[in-house]
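As written, the chains take the letters A, B, C, D and E, and residue 1 is the first residue of each chain.
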Amino acid sequence: MVGCEGLGKRYGRRWLFRHLDLAVAPGECLVVLGINGSGKSTLLKILAGVVPATEGRCDRGSDPRLTLGYAALDQPVYPVLTVAEHLELAAELRGCSPRVEELLAEVDLAYAAGVAGRHLSTGMRARLKFALAVQAEPPAILLDEPSAGLDEKGRHIVGRIIESRRARTAFVLATNDPEERRFATHEIALG
Amino acid sequence: MVGCEGLGKRYGRRWLFRHLDLAVAPGECLVVLGINGSGKSTLLKILAGVVPATEGRCDRGSDPRLTLGYAALDQPVYPVLTVAEHLELAAELRGCSPRVEELLAEVDLAYAAGVAGRHLSTGMRARLKFALAVQAEPPAILLDEPSAGLDEKGRHIVGRIIESRRARTAFVLATNDPEERRFATHEIALG
Amino acid sequence: MKSPWAREIGAMVRKEFRTELRSKSASYTAFMLSAITVFTLAFAFYGRELPPDAASGMLWAALLFAGVGTLTRAFVAEEEQGTGDLLRMWAHPHAVYWGKALFAFLQMSATAGLVTLLFFMLAGVGVSNYAMLGLALLGGSAALAGMVTLVSALVSRGSNRGTLAGVVALPLLVPLVALGVTAGRSAITGLAQPAGWASCGGVWCYTLLVLAMAPYQLAAVWGEP
Amino acid sequence: MKSPWAREIGAMVRKEFRTELRSKSASYTAFMLSAITVFTLAFAFYGRELPPDAASGMLWAALLFAGVGTLTRAFVAEEEQGTGDLLRMWAHPHAVYWGKALFAFLQMSATAGLVTLLFFMLAGVGVSNYAMLGLALLGGSAALAGMVTLVSALVSRGSNRGTLAGVVALPLLVPLVALGVTAGRSAITGLAQPAGWASCGGVWCYTLLVLAMAPYQLAAVWGEP
Amino acid sequence: MKWLALLGMSALIIASFQVPPALGFPEPELARIIFFHLPCAFSTVVFVLFAAYSSYRYLATREWIWEFRALAATEISLGTAVATMLSGILFSKVQWGAWWHWDPRQTSFLIVLILLGAYFAVRMSFEEEVSRARAAAVYSSLTLVPVLFLFFVFPRLPQVLKNSLHPSTTVQSGGFSQDYWTVVLGVFIMLLGTCIWIYKLHVRTSLLEQVLKDQDGQLETSGNRPTAYRVDRGVSLREPD
C-alpha cells in the first residue's frame, strides 16, 4: 500500500507534476510512463521519501523501513562493502532477518556474495538492489527502470520477483521500456 | 580503427578473457555479448584506456583524445558543470571545435544546455555522453549499453548516430539488449 | 536478543569500521592533520621554551582543527557516494547519528591521545594535574565528535560542503575551546584549580547539551527527504 | 591562436574555478573560513598577547589549516565522483597537473594574503621586513599547492600503494614548514636576517624541486590506465 | 505614529546631551556613546532569542511563515550586532585609545558576529527551498547556546574579567545613574520599535515572494494534472517471438 495526495514537485519555476493523487493497493501494479526528463524517477524518489515534495503528502505505511522497498537504476551501493554485508547491514538496521542465501539465490547472485560493491557489474548491482528492496517483504515496492542493464536471465528474474509477489504487494514501476508495460494493471503518463 | 593483440584481463584468480585479438575497421560494428558480469564493460574500458590490461596491448590510434570516443551507462558526469560547459571543457582539452549547438541538436538536448550535471535525468545524461563521445568525430567509438534508460526517441537517436557514421567510423557496442544486435557486422560473446 | 537500539547502532558502528579499515582515507587524513598541526605549533615556539599557559591553547587548537578537518567527512562522504539515500531508507535517523557519532568519538579520542602525546613530547612542558586534563580532553573529544558529526550532516547536501563545514563547525565549538583552554591551563600550571574544575564541568555540560539535542536536529536536517 | 598548452591548462583552471566557486556562497564561505581560522587561533590564546617570535609559527599553522585541508581533495574528489576517467580520456596528464596545481596555488595565495592580513591586524605584531615575509609566503604557497596536489593524486586511486606513497610524501612538507617558519620569524622580529634570507631561498629551492618532478610522478601514478 | 516616533527621538537626543558626563569612564564626556552602544547590544539579544524560537517552531510545525520570521529576525540581529561592534570600536578608540584592543569582550563578540554571519553562508549553499529552510533552522537553533555564552557568560568568567578592560557589571550592580538609565531605556524602546517595523515588512515580502513562485510555476505547467488509468489486462505489448 503506497499513495499520495495532492502531490506536487517544482524545480525552480517548472512543475514536474502537480495535484497528483495515487493509491496503489496490493495486487495492483502502477507503471509510470513519460519521456526522458519527465519526472518518473523524481516521483518514485518522493514516494520513497528521499526527495522532498514541494506540496502534498505521501503515505508510506507505518514504518517505511519495513513497509517500502525501493530499487533504482541510478542508486549506487557502498563501494567497499560486499554483497553479503549489504544485506546484513540493511537487515540489522531494519530489524528483519537477513535471509542472505535465500535472497541471493532468488536474484542469482550467490556466486558473488563476497564481491565488493565497487567491483560489481551493472547487472550484478541491479540484482543486489532487488534483493535489498524485497528483503523485508514490504507491502509496497518501487522499481525505477528495473530491467535496464540486465541480461535475458536477469529480465526473467524481474518478472518472477513481480509475479510471485503480486498478490500481497503493491508495485510502482517507472520505465522507458515498452516491454515492462506488460506488468501494468494501471498506467500513468507524466509530462 | 581500434584493436588489441593477445589482450587478457584477470581479477584475482579469474580471467575474464584472454588471448583476445581484435581489429575493428571503419564500416564495421563489433557487438560484444555476454551475460551480466562476463566482462563486456571491462573490455571496453581497457580499449578506452581507463583500466589497465593484465596482458597484451591495445591500439587506440595516434592520440586517443581525438581518435577514440567512449560512452558508458555507468560513467558519471561532473555534478556542477552544465551540459554546455561539459562540451566546451572536453573540446578545449582535446583541441577540437566544441560544436555545442550542433551536437546538442543531434542528441536532442538543446533545451537543457544550461542544466547542471547532477540535475540531469538518466536519459539526459546518456545523451550528453553520446555528444561527448562523437564530439571529435573520432575514427573509433565505444558504446557500453547505449540505449539503456533511453525513451523511444532516444533509441532512434542512437540508431541515427551509428548509421550516419558507419562509413567512416569503427564501432564497438557492449550490450545486453537483443535489439542492438541489429547494428552488428561482427559479434563476439564473452564468458 | 539485544535491544533494537543496540543492534542498529552496533550495525552502524561496524559498518563505519569496515569502511574505514578498507579505505584508510579518514585515518590517513587524521594522522596527517594532527601531525602537521602539532609539528607546526610546537615549531612555532622552538628555541624558546613554551610558556605553560600558552601550551593549553595550542593543544586545543590542534585538537579542534584536526577534529574538524577529519570528522566533517562523516555524512559528506555518504552523500557524495550517493549512499545517503540507502541509509535514509534503511535506518532510523537516531541510530545513524549515534552510530556515526560513536565512531567519530573513538576516532577523535585516538587522535586526541596521539596529539597530546606528540605535543608534550615536542613542547616539553609538564602537567601538574593529569586528572583534570584527561577529563577535559575526554569531554572535549565527545563534544567535538557529537557536534562535528551533526554539522557534517547539516552541510552534506549543500554546495561547497568542505568549506561550509569548517565555517559552521569552528565558531560553534569556540565556547568549548574557551572552557577547555581554561581547564587545560590550570591543569598544566596547577594554578586557579577551582576555576579549572569549573570550566572542566562547563566542558561536560556543553557535551551533554550537544548530545542531547543533536539526534533530533539530525532527524530534521538529514533524516527527512 | 594560443599554444595548446596554454589552452589546455587554461581550460583546467577554468573548470576548477567553475566547480569550486560556482555557487555564489563559495567565495563568501572561503573568506569566512580563513577569518574564522585566525579568530579561533586568536581565541585559543585569549588574554595573553602573542610573543612576536611565535607569531610566525602561528601564521603558518593558520595557513596550513585554511589551505591544506581543502586542497587534498583535488584529485580524490574526481575519483570519488567517477569523473577521473573523463579527464583521463580528454586530457594530457601534464595539463591536468598544471591546471590543478595552478588553481591550488591561486586559492592558497589568496588565503595566505587574507590570513596574513587579518593575523597582523588582530595580533598586533609589527613586521620589520615585508619583502622577506612576502617572498617566503609566496614560495610556501607555491610549494604547498604543488606538493598537496601531487599527494592528492597519489592517494586518489585508492590502492594501498597510493596511500603509502602519500604517507611517505607528506612528511616532505615538514622541512618546508620549518624553513618557512624560520624565514617568517626573522622577517617579523628583524633578527638573524642572513639566516632568514637563507631559509627563504631554501623555501624557493624546495618549490622548484617539487614543481620540476611532480608532473612526471603524476603521469606515472594517475595518468596511465 | 511616525510623528510620535520623531518627537520621541528628538527628545531622547536632547536628553542624552542634558545628562551629566559619566565619571566612571576615562573620557566622561564621550561616555554618551553608551546610549547607542547598549541598546543595540540588547536588541541583538532580543532578536537572536526570537530567531532561535522561530527556527524551533519551523522545525516543529513545517509552516513557511516561521522560516520567514527566523530569516528576518536573524538579519536584523546581525544588523544590530554590527552596530554594537562599530559603536564599540569607536568607544574603545575614545576610551582605551586603540581601535582594536584585543579585549576578550571584543574577541567574543567578533565570534558572535561570525556565528550570525554563517547563518547566511548556510542559506546560500542550498538551492532547494525545503532543504535550505531546514538547514537554516537547525543551524540557528544550534547557535543559540554559543551566542548566549559568548555574550553573557564568557566575558564574566573570573579569569577573563581580570584581564579585560570592558565593563561588564555596570548593569547588574546598578552602576548607571537614574537619568542614564532612562535615556538608555528610551533609546532601547525606540530602536526596538524601528526594528520590529522593518521585521514586519520583511516577513510580508517573503510571504508574497513565495506565493508568486507557486503562481508562476502553475502558469508554466501545461495544466499538468496526471491521472492513472486502468489498462485492460487482456492486452500484452510483448511481441510474439
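For this structure, a couple of remarks:
The rule we apply is simple: a residue touches a chain if its C-beta (ideal position, glycine included) is under 8 Å from a C-beta of that chain, and two chains touch if they have at least 3 such contacts.
In this text the structure is predicted, and so the values were computed from the model without any measurement.
Least step count on the touch graph, chain C to chain E: 1. Of all residue numbers used at the contact between chain A and chain B, over half are used by both chains, marking a mostly same-residue interface.
The most distant chain from chain D is A, comparing centres defined as mean Cα coordinates. Using the mean of the Cα atoms as each chain's centre, the chain most removed from chain C is B.
Matching CA atoms, the turn from chain C to chain D amounts to 175°, rounded to the nearest 5. Between chain B and chain D the centroid-to-centroid distance comes to 37 Å (mean Cα coordinates, whole Å). Separating the centre of chain A from that of chain B, both taken as means of CA atoms, is a distance of 28 Å.
Separating the centre of chain A from that of chain E, both taken as means of CA atoms, is a distance of 45 Å. Per-chain Cα centroids separate chain B from chain E by 55 Å. Counting partner chains per residue, chain E shows two or more touched chains at residues 111, 114, 118, 121, 125, 127, 131, 159. Along chain B, residues 74, 80 each make contact with two or more other chains.
Counting only residues that touch two or more partner chains, chain D has 22-23, 25, 29, 32, 36, 43, 46, 48, 81.
Pairs of chains that satisfy the touch definition comprise A-B, A-C, A-E, B-D, C-D, C-E, D-E. Contacts from chain E toward chain D in the complex involve residues 100, 102, 104, 107, 110-111, 114, 117-118, 120-121, 124-125, 127, 159-160, 163.
Contacts from chain D toward chain B in the complex involve residues 4, 7-8, 10-12, 14-15, 18-19, 22, 81-83, 85-92, 95, 224-225. Residue ranges of chain E in contact with chain C, taken from their complex: 59, 111, 114-115, 118, 121-122, 125-127, 131, 134-135, 137-139, 141-143, 145-146, 149-150, 154, 157-159.
Against chain A, in their complex, chain B makes its touches with residues 11, 34-37, 41, 73-74, 112, 119-124, 127, 145, 148-154, 176, 178. The residues of chain E lying in touch with chain A in their complex are 128-131, 213-214, 216-218, 220-221, 224-231, 233, 236-238.
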